[in-house]
Amino acid sequence: MSKEIGDVILDVKNISLSFGGVKALSDISFNVKEHEIRAIIGPNGAGKSSMLNCINGVYLPQQGSIAFRGQTFKHMNSHQVAVMGVARTFQNLALFKGMSVLDNIMSGRNLKIKSNLLLQALRIGPAEKEEIRHREAVEKIIDFLEIQAFRKTPVGQLPYGLQKRVDLGRALAMEPQVLLLDEPMAGMNVEEKQDMCRFVLDVNDEFGTTVVLIEHDMGVVMDISDRVVVLDYGRKIGDGTPDEVRNNPDVIKAYLGVEH
Amino acid sequence: MSDSNIVLNVSGIEVIYNHVILVLKGVSLQVPEGKIVAILGGNGAGKTTTLRAISNLLQGERGAVTKGSIELRGERIENLTPAELVRRGVVQVMEGRHCFAHLTIEENLMTGAYTRSSKTEIAANLEKVYAYFPRLKTRRSSQAAYTSGGEQQMCAIGRALMANPSMVLLDEPSMGLAPQIVEEVFNIVQDLNQKEKVTFLLAEQNTNMALRYADYGYIMESGRVVMDGAAADLASNEDVKEFYLGVGGGERKSFKDVKSYKRRKRWLA
Amino acid sequence: MAFFLETLFGGLMAGMRYSLVALGFVLIYKASGVFNFAQGAMVLFGALAMARFSEWIPQWTGIQGLAFANILAFIMAGAVMFLVAWLIERLVLRHLVNQEGATLLMATLGIAYFLEGLGQTLFGSNIYKIDIGMPKDPVFIFEKVFAGGILINQEDLIAAVIAAALVATLSIFFQKTSTGRALRAVADDHQAAQSIGIPLNRIWFIVWCVAGVVALVAGMIWGSKLGVQFSLTTVALRALPVVILGGLTSVPGAILGGLIIGVGEKLSEVYLGPFVGGGIEIWFAYVLALGFLLFRPQGLFGEKIIDRV
Amino acid sequence: QAKEQFFPLLSYRTGPYAPNGIPWANGKQDYIKMINARDGGVNGVKLTFEECETGYATDRGVECYERLKGRAGVTLFDPQSTGITFALTEKVPNDKIPLITLGYGLSISQDGQAFKWNFPLMGSYWTAADILIQHIGKKEGGLEKLKGKKITLVYHDSPFGKEPIPLLQERAKMHGFELQMLPVTAPGVEQKSTWLQVRQSKPDYVLLWGWGVMNSTALKEAQATGYPREKMYGVWWAGAEPDVKDVGEGAKGYHALNLNTSGQQPKVIQDILKYVHGASQGTGPKDEVGSVLYTRGVIIQMLGTEAVRRAQERFGKGKVMTAEQVRWGLENLALDQKKLDALGFAGVMRPLSTSCADHMGSTTARVQTWTGSKWEFVSDFIAADEQILKPMVKAGADKYLADKKMTRRTAADCQS
Amino acid sequence: MLYRENGQFKTSYRSDQQIFPILQDRLLVIAFLVIAFAIVPMLASDYFFRAILIPFLIISLAALGVNILVGYCGQISLGSGAFMAVGAYGAYNFFVRVPNMPLLPALILGGLCATVFGIFFGLPSLRVKGLYLAVATLAAQFFSDWMFLRIKWFTNNSPSGSISVNNLQVFGLPIESAVSKYWLCLAILVVIALLAKNLVRGAIGREWMAIRDMDVAAAVIGIRPMYAKLSAFAVSSFIIGMAGALWGFVYLGAWEPAAFSVDFSFRLLFMVIIGGLGSILGGFLGAAFVTLLPIALSQILPKLAGLFGLEISTAGVSHAELMIFGGLIVWFLIVEPHGLAKLWSVTKQKLRLWPFPH
């Protein structure tokens, strides 16, 4: 499998973040290159999700900066990040509970919708065409994720695993350049994890989307990622290819344990 | 299974959500005293629903058991409140953590001891939980909502242990936990099971782990039990291997190489 | 200066009376996450019961003593409030476990209508009197310092003391007892609370009883001031800015919020009102509360609103 | 088809204003029952009624109106609320049903040439304000003594409370007194700041323009801030038993206007006790019969009944009158003392006669004071000063007509 | 058996995205409109129009507006009465001050006044949430009550502060008769409901719901909370303002601020909750429940009592009415916490399965 790993697309420099007394992140730097699958691992409470939250502009780090395609930001702003093409899934499911699967995924395309309020209210000509165009794109994603049967079900009623899939669908709908995935495979059995891996790999292959992935299943991480960052209590203790990381003594001590 | 020491006997239950969505279509299972029983199955199979039915937490989800019976040590329990069940020693750890967001970790744990009255016992239990999960101790005064996903999972499990249960219903305990913690959680389960004779019924996606620690397993699929047997037997079943353990045909397949095409499960045929 | 002080005191006292009503909201919100719309109706119901019982008791027993009638009436009204709490738990809350805030809010609205109807059916819709011997005439202090002295209202002062005592007791109850902790747990997550063995039914019954008694006390004090009739329900509207300013979940917040709102609205009406034609105090109270919220969206002492992903 | 003259009764027996609404509504009902029992109706036409609960809310009042206006033999409406009156004022010309608003409503509707269907019988808020100022003036020893005095109006912050303001301003200009206005937000349960302001500005008199709980609260706050009740003068809606009953001693010395006497002595009340309560047909408790608002209800119902009788004189005795015919009756009421005596209203009220130009009929009221346990009159009937009122009413009515692009009724229309 | 969607295959997204994708629903709605526009006017009595249908239509319109804000965007508001008042007074001022102002533009301008007011009082929603916001919006309510009582200009210097309108015309046709008023309200309601439905099922609707369900996640997918919230306030207060103008112009004819009191705000909120948050149909059902039920009760109860030989006084009836109304609210919530609209859809779902239970 040949894949062109490109230039650095996302460069995290010296990020520190603390909440009151808790230092969630201290002086973290790492980068993500175009088209790669970059994993972030670490024990619970290491600061992985917080890292994504900083990139997304949900948290404002006290120190450090983040560069996207060479453009450096002190603080990210959620809207801006979305416009730049960064999408995200959530560890604790942040779906829009009252909406159907279709609407949830459609909402991922809202940034691309151009008609104004009045046109939308009248729903004539261009507004309707636009709606249909986006619907087509979303249907592709729905097919891809194999959730056709649940299209019109309110997401709140879906079992956990399918909700995770919808979450991914919503992120994909943004046609992102960078996709941040926070434990997308938690609560799934092997079969379902395989499906999920296939989705991630396909997206990565077909659209060249860069993927940043947090996952606790080492099998998955080691199999599909190109490079891995390891965090522990807010510090970075390892960075490199899966093999390098697997053999890094600090990482073994802090996270993997002896067995793996 | 010998039915002499069955603590929990679920027979033929049907569960309907919202008066229209039929989810469990006649599920029966038995949990013997002092054993660990696992319910396995894919997303939406009905594992959570089964556990909710047992612990009587369906009402809040607008679900109801419409057929069948559930017995705890010979007593019908369908009409007990969850609180009464806890007093009988049955505690559920809910899927998705459900920590009390505004309470600190320690307060969360303390509410778990609501049914306990002895101060010394509570203090001892608290120490035990902290010993099991040292991470919780360091975060004890942080509001639960502001702890990481894994910390919340530990908190939820610890909170259930505070009630000194004789039977625990664990819903996806390993979700979101780092591998060593998963290992630890299962060790704790084993520990409690062996030392304190706590019975466990656990719903798990991590089949590998579950079958390693459980005595007996049920596999559910779309609201039915499709297979059951001793854990060891299940672990060597071809289908189970392929679909739940990811080691079909001998070697473990890399996640990178899975094909879109998959064999159909035998029981679906 | 003297007038300023008078207004200030007046505001503080009025604020304490609002706090009494606000407290009822806080209690139920804190303990079950329900915004209790029926609080105003409960105040009316309690006051009606108290007023009518104290009127009927001398007739029934033939004993004329004011104190006797009042104490007995208070006890009987309290019992009625307990009964109401029990019914509410049985017939309403029990069936709405784990539902969203809006649903529960609506349910309390249904309760409010029901209590308004029932209260007026049982006790009448005329104006009734609660006479607990509150001194009505003003006293003046600092007469040496200021000409005419500063007017203090003894009735208000007593009300304020009662409110403060209630708040102190309830704060201790919430912070220090395991029931208090259980109540807060229930407010966060009904289902999880059930799953660890907290008996929702009992908890709710207790809270509604406490809220019922608080409503009764509020009804008694307001009723002795205003006379007991339907308009008592509208004092709830006066208490709302107090609740949000202090924080929906904070018992001491209800007091502090009350003081701020009371002072703020009286000063504004007296000093700003004349320039714009008066009648501004009610919206001023809300705008004041809103102003505070812009800086602390959860109110002064409210628990932080958590949104995490 | 039985001959029945139907009276729709809009009332409020629940809600914030119920304590005042109940005796009022009871008086109306009892009078109807009494007329039927004693006289067998009006020249053989039975009076019927149906009550409709408005809760003092405008939209419910409109609903009641729409529901009852189409009934056979419908006579007239008395909405018991200024808010509902405003809404119905726009509707009655189309439906051709008269609206009587005894002592409330739109002051300018006294001008019958502009307001064909409105009848603010016996008084409006302008006359009330005028009478109060006259009384105060007399007490001071002449209206000119009011110069430099300070009068504070504490009013219900609604059109009802604001109605008297133009007249008071006019009077203030004339006599040189200072007018302070303090609005109280409805329903008026919180008046601390109002009364602190009163305490600060120490007015010579306070006029109380309240309704419902606002009145008793005002009296209690006045007591709490030490403002002498003797210097407080209420409008006739602030001078009934529910306003002072639970204040008791605290309201002692408080004055209020009254349009009618109260008590159980008048013959009409005795008749009600005899024919209605005697037959266990009474609407409310017996001891409430003859209270201020109850008696006012009786008067209103009597005026309606007499309008029917008057109309029958012209359009046919013993027939059921249409609302339009009743309107004529209302416009041509001529209740002199003799008639009033015959009706059993001797001493209860003053004679009253209406015309096309004057839909009010008479503009007198008395001042009463609360002794701590009952109301006692302290003045004779005082008439409002037509000199001042007439031009104001006319100007107001003209503006109303101009805004609406309507014209005055012609002399011919007045005859019809 | 009648209500089945099988056999109806959608061949294009366009047809799947229709307002009512299921044929039976479509027919039902068309039938409903035909009945409402053509058949009802032939049957209903004057009372029915003036006292029931017209207020019901106007309140439904207001409930629709409230539902956009509360149900779709999740911003609980108790300021709806104020928005109605601003709409009514705004329209009034355009109507009487601008010479020859036609009615419809005046109503729309009234709505726009409400929009401005709504956006202004919506600003706190950027920081304040949930019940805190709900209570805070009461500031708008009490402020508008005060403003229209105190500032004479708004009431065209009427001494009592009460105002009235007459001589209403649309395209030269007088709006006097009950039927013409009914048609006017119905037409406005249908048009606005259609536009609103389009909005809520389109991109902006998804933005509102996203903000409602999970605002952090919404921000992360690029939805700007400020735009979403304020646009919801704008659209909702426009609709509510229109409703307010109609309430004043068409239903009451003359009004004072008390006609749009805080009670109204509360009632509107109840309607959308009991009807079903986030459902256009729910607004109608809720409006029907809250406005029509008390009227029905007040007429039925005495008759019912009469059947049993009891005589209840008016007061007794109104008290019983309160109790029954309260009891019914609770009962419906227990049956279906998500409101009448949900109850309806569950019923439909059952119908689809019928005669099988699941």
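Think of it as A, B, C, D and E in the order they're written, each chain with its own count starting at 1.
The working rule: a residue touches a chain if its C-beta (ideal position, glycine included) is under 8 Å from a C-beta of that chain, and two chains touch if they have at least 3 such contacts.
Not measured: the values here are computed from a predicted model.
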| query | Which chains does chain A share as contact partners with chain C? | reply | B, E
| task | Enter the minimum step count from chain A to chain E; a value of 1 means the two chains touch. | result | 1
| By mean C-alpha coordinates, which chain is most distant from chain C? | A
| said: Please tell me whether A-B or B-C has the greater number of C-beta pairs in contact. | reply: A-B
| message | Of the chains shown, whose Cα centre falls closest to the middle of all protein Cα atoms? | response | E
| Whole-Å gap separating chain B and chain C, where each centre is the average of the chain's CA atoms | 44
| query | Whole-Å distance, chain C centre to chain E centre, using C-alpha means? | reply | 32
| said: Between chain B and chain E, what distance separates the C-alpha centroids? Give it in angstrom. | reply: 46
| remark: CA centroids of chain C and chain D: separation to the nearest Å works out as 37
| note | Going by residue number, chain A touches two or more other chains at 58, 90-92, 94
| request: List, in ascending order, every residue of chain D touching at least 2 other chains. | output: 13-14, 18, 22, 157, 183, 185
| If you look at chain C, which of its residues touch at least two other chains? | 99, 116, 120, 125, 277, 279, 282, 308-309
| note | Listed in rising order, chain C residues that touch chain E in their complex are 35, 91-92, 95-96, 99-103, 105-107, 109-118, 120-121, 125, 237, 240-241, 243-244, 248, 276-277, 279-280, 282-283, 286-287, 289-290, 293-294, 297-299, 302, 305, 307-309
| message | List the residues on chain D that touch chain E in their complex, please. | response | 11, 13-14, 18, 22, 25, 51-53, 55, 57-59, 62-63, 65-67, 69-70, 82-83, 86-87, 89-91, 94, 106, 157-160, 162-163, 165-166, 183, 185-186, 283, 396, 403-405
| query | Inside the complex, what are the residues of chain E that reach chain B? | reply | 337, 346, 349-350, 353, 358
| task | Enumerate the contact residues on chain B facing chain E in the complex. | result | 16, 18-22, 62
| If you look only at chain E, which of its residues touch chain C in the complex? | 76, 124, 127-132, 135-136, 138-139, 142-143, 145-146, 149-150, 214-217, 220, 262, 270, 273-274, 277, 315-316, 318-330, 333-334, 337-338
